[in-house]
Amino acid sequence: GTLDDITKRGELRVAVQTQGPPFSLVGAAGERTGSSVELAELMAKEMGVKITFLDFDWDGLIPALLSGKADLLVADMTPTLARGMKVAFTTPYMYTGSTVFTKADSKFKTTEDCKAKGTKIAVLLGATGEKEAKTAFPDADIKSYKGGGPLLLDAVNNGQADCGVNDISAVKGQSTAYPAGSFTIMPDLLSKEPLAFATRYDEPDLLVWMNLFLSQVSIDGRLQKNLDYWVNSDAWKKDH
Amino acid sequence: MLENFSFRTIVEYLPLFGQGLITTVWLSALSFVGALAVGIVLSAMHLQRGWLFRVPAKAYIDAVRATPLLAQLYFLYFGLPRLGFILPELVVGILALSLNSGAYVAEIIRAGILSIPRGHAEAGVASGMTYVQRMRLVILPQAFKVTIPPLLGQAIVLVKDSALLSLISVAELTRAGQLLASDRFMPAEGFITIAAFYLMLYYCLKGLAALSGRWLGLAGART
Amino acid sequence: MIEFRGVNKWFGALNVLKDITLSVEPGEVVVVCGPSGSGKSTLIRCINGLETIRDGDLVVDGRRLGDPATNMTLLRAEIGFVFQSFNLYPHKTALENVTLAPIHVRKIQRAEAEKAGRELLAKVGLADKVNAYPAQLSGGQQQRVAIARCLGMRPKIMLFDEPTSALDPEMISEVLDVMVAVAEEGMTMMVVTHEMGFARKVAQRVVFMDAGAIVESGTPEEFFSDPKTDRSRAFLSKILRH
Amino acid sequence: MIEFRGVNKWFGALNVLKDITLSVEPGEVVVVCGPSGSGKSTLIRCINGLETIRDGDLVVDGRRLGDPATNMTLLRAEIGFVFQSFNLYPHKTALENVTLAPIHVRKIQRAEAEKAGRELLAKVGLADKVNAYPAQLSGGQQQRVAIARCLGMRPKIMLFDEPTSALDPEMISEVLDVMVAVAEEGMTMMVVTHEMGFARKVAQRVVFMDAGAIVESGTPEEFFSDPKTDRSRAFLSKILRH
Amino acid sequence: MIWQQLQSLVGSYPLAVRGLGMTVMLSLISLVLGTLLGFGLGVLRTGGNRLISTAIGTWVDLIRGTPFLVQIFLIFFILPELGVELDAFTAGIIALTNLAACFICEIVVAGIRSVPTGQVEAALASGLSRWQRMRQVVLPQAMRIVLPPLVGQYVLLIKDSSVVSAIGLTDLTRVGWLVVQRVPNGLLVFFLVGLGYFIVCYPLIMLARRLERRMGAAHGEVQL
């Protein structure tokens, strides 16, 4: 099985996409870190092997998993049913949701305001936020960007878009790069969505093990500690 | 990825690819017209004797050639709003492609003009034509013929470069493939379909080049 | 008609025309010869301003070259220039080559210009090549079109720069015949050529140049039978020997 | 030495060589003349296989062309070819032009080849131009280097295709002098030229071609004083007139 | 805010240096290999063998007609299914070399065709073999025509090398994407990325211009 291969190889190969804080980022000193990255490192430690990160663009992420370059995929990815037809997702390890944010002094104060016809809404290409924005704001002008959440903030900050829609944890984490109070982040979520890791269907042993890993770390609190540090606060800011 | 290659899904996404293709085509066409305009102006400036026009034209051409389109695109997309111009993505995209390709087109046109034997310009001078008459009646019609093949080569580059506009949320051909890859996790299907469409455009342009060469070859002369 | 007075020209450090003094009367035919690089082309190219001179005076048709009051474009329209390499416009037919300048420079009606053009082409023996492109013509035919193109502007002066030296031997005579005909109509002509038969037949004067200076000048009979300088003797012996 | 027997050649639908039968003895000098496009170049280009023939036999130095047993590269090394446009290698000096083939084809030691090359260049009067590049030489000098280049291979046959027609009049005689010297050493030569002085001086035979066929062939005296056909008479009158 | 961002950028300079190094390394290796291969293909293509020439022509068309991203994708992710397993760097080098070779092949073909037939005939007439003709006579002369567009093509290829970031190589462009996560100022970051490419490419453009001018002078062309 795959687990035997990994043990023999002594190496766990993990595909990541560097999308930005808090899940996956490159720190000031060039080190790869973030919530998902640390969870993957923990996995490797529990397996007793060393970890190798394969850092891809969005374009390369899925092919890397499907072609077997990587054993598993660690990203803030929503396990949709359509995607589940191609890759095997673990049980969700956290729940998040898409939220709307605007520039602090903008005339769009609430999520309702953004439903006006012709509002320019920035979303991330391929992210679930893109889908949700289309349903939530049928009359708006949806613009999909590539290259990670921080660029959505940049677009909104520069006025290319009126509002942005992205994962709330991402928005919170990434807006810390701006002076406090630059953005208004709406409290209501457009949806509640799970995040999960992914692997291939021809690696059932690895999938079982990953699920086991997730329940173990949630029982012993290591998962919560990770999320508290990265997602639910900006404690990470001072270290990275 | 290949053994499960799903033609059925490609067919399902074909309307999306079709829309992307149409966008790519008209976007590139408009940008190419823009590039021609930019190129003609730049090459005319570059061919002047005085430094006042020549030096800025040369500096622009070099700067564009030495930096990636991506950087230029961001420069326009994020830079213009700082100056107070907020333009729609499509406009910025077409502007970026025109300004970028224009630099290359300028070089092509300049080379074409310089390739016309000096004797022809002199014959024009000797029969009392003005600079503009010489250009219009003698030099440009001949230069046009020489520049057609490299211009179409540049058009091919432009069509492929237009894929970069997906970065600023323009829904063109590449974008359709990326959607297939991200919604359905079928990257092979997405990319190979894109490649097929681009290849089709490539052969169309190549055919056009051959055709125009033959057409112009008949009207002009074999030298 | 053409008057050089102490004309000098430099290309960088090279003094290509040295103190040229020469005057050509209306209706006169002057042949210029001399070794390669002696400045023959430069001399006649100065006359219609294809080259500019550094000092000395050059007066053509009563107008001083280099004088700001002289409109070069107008002056050039009065001067026909035939090149060694024909320089026909390859993208235009024989007729279009002939009518282009009359229509755009002289502003003659197209129909009228075409009528005149056809007559000129007939005159140089190319009535049947009116719609041929240059590439479809032999060298001799191309050069005849080039001559017709100059005549189309009704110039007062015609300049020829080795008009036959790029031609096959058989075609030389057809071009020379046309040139003789033009000369016999009273055109003022300066012809750079080594065709001594032509010089004998129509030239009033032969000018021999060497190293940028006019070394000798006289009637063809004088020049051929009794060259004055060693240099011209050596030159003649070489070009007339074979 | 060279034997054409009923040779025909087509370019597409154009029959450029029609039933050519001609034989050249060792040591003979044959001049080929005729109007442009009559097939003169094609005729001599066939001899060293620059053109291939469709039917008939062409035997050169005892070897049949087109025969699979004939090694063309070896045969070509025995035949020198001088082009109208010189075709010197512009990126090599005069000496390198002369020694390239001896070194690479004949596999002669470089030092030895250079010694021989210098001697040859001295023989054509260019001892002082050994290290000059073609662009630094006049046309006449370039053509003399081209002749030296051929001689460097010690060929049995030399072919010349209008070797002087791209030259300035003054330079023609210096090239012809070298050709006369080569002929007088007993080289087998075929020369396409319109220099009738050269033909008179060294040719044993003049061949007149028209429209792909050999129309007339005879000694220079016969040919010049008493051309047999109308076509050759007309041709001679044109090229000898001026 | 700009000040804070700049400070943050300065901190990222090791990453930038690494990215620039990767870009230079990738470009250097694949341009050297691509040039060799391109010349080989160009010579073969003009060699007179119909079959080889058509095959090369078709391959060049395929490569020129499809996005480079797709080519990389196929080499890195699809080749393994056919049993060819490559690491990202090797795959990047192969893809970029192939791309370079195809573009250079076209340039070389144009150069070879520009050598006057008289030159080949002169070489033929003095009995030089095929290879000797190519090596001694044709290629040295073709170089005059080939060099300026070749150097120009290098610039384009260096810029194209950024696409390899899709398979996980951290080149200069990718560093831009990474840095922009922490310093969300696309204008500033990509201005600096552009500057990085400019530093590498501008000398090459100047070189190309100089070669072009020298070639023009050698051919006696004069400006209008």
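Per-chain residue numbering starts at 1, and chain names A, B, C, D and E are given in the order in which the chains are listed.
Going forward, a contact is a pair of C-beta atoms (placed from the backbone, for glycine too) under 8 Å apart; a residue touches a chain by one contact, two chains touch by 3 or more.
Computed from a prediction, not measured in an experiment: that's the story for all the values here.
Shared contact partners of chain C and chain D do not exist in this assembly.
Farthest from chain E in terms of Cα centroid separation is C. One finds 46 Å separating the Cα centroids of chain B and chain C. With centres defined as mean CA coordinates, chain D is found 51 Å away from chain B.
Between chain B and chain E, the centres computed from C-alpha atoms are 19 Å apart.
With each centre defined as the average position of its C-alpha atoms, the distance from chain A to chain D rounds to 81 Å.
Of all residues in chain B, those touching 2 or more other chains are 1, 77-78, 82, 187-188, listed in ascending order. Annotation for chain A: residues 59, 63, 66-67, 147, 154 touch two or more other chains. Across the whole structure, chains are in contact as follows: A-B, A-E, B-C, B-E, C-D, D-E. Only residues 48-50, 73-77, 79-81, 83, 85, 87-91, 100-101, 104-105, 133-136, 149-150, 153 of chain C touch chain B when the two sit together in their complex. Chain B makes touch with chain A in their complex at residues 1, 77-78, 81-82, 86, 89, 166-169, 171, 175, 178-179, 181-188. Taken together, the chain B residues at the contact with chain E in this complex read 1-3, 47, 49, 62-63, 65-72, 74-75, 77-79, 82, 113-114, 118, 121, 139, 156, 160, 163, 174, 187-188, 191-192, 194-195, 198-199, 201-203, 206. Contact residues of chain E toward chain A in the complex are 1, 8, 11-12, 14-15, 18, 69, 73, 76-78, 80-81, 88, 165-168, 170, 174, 177-186. Of all the residues in chain A, the ones that touch chain E in their complex are 18-21, 25-30, 54-57, 59-60, 63-64, 66-69, 147-151, 153-154, 157, 174, 177-179.
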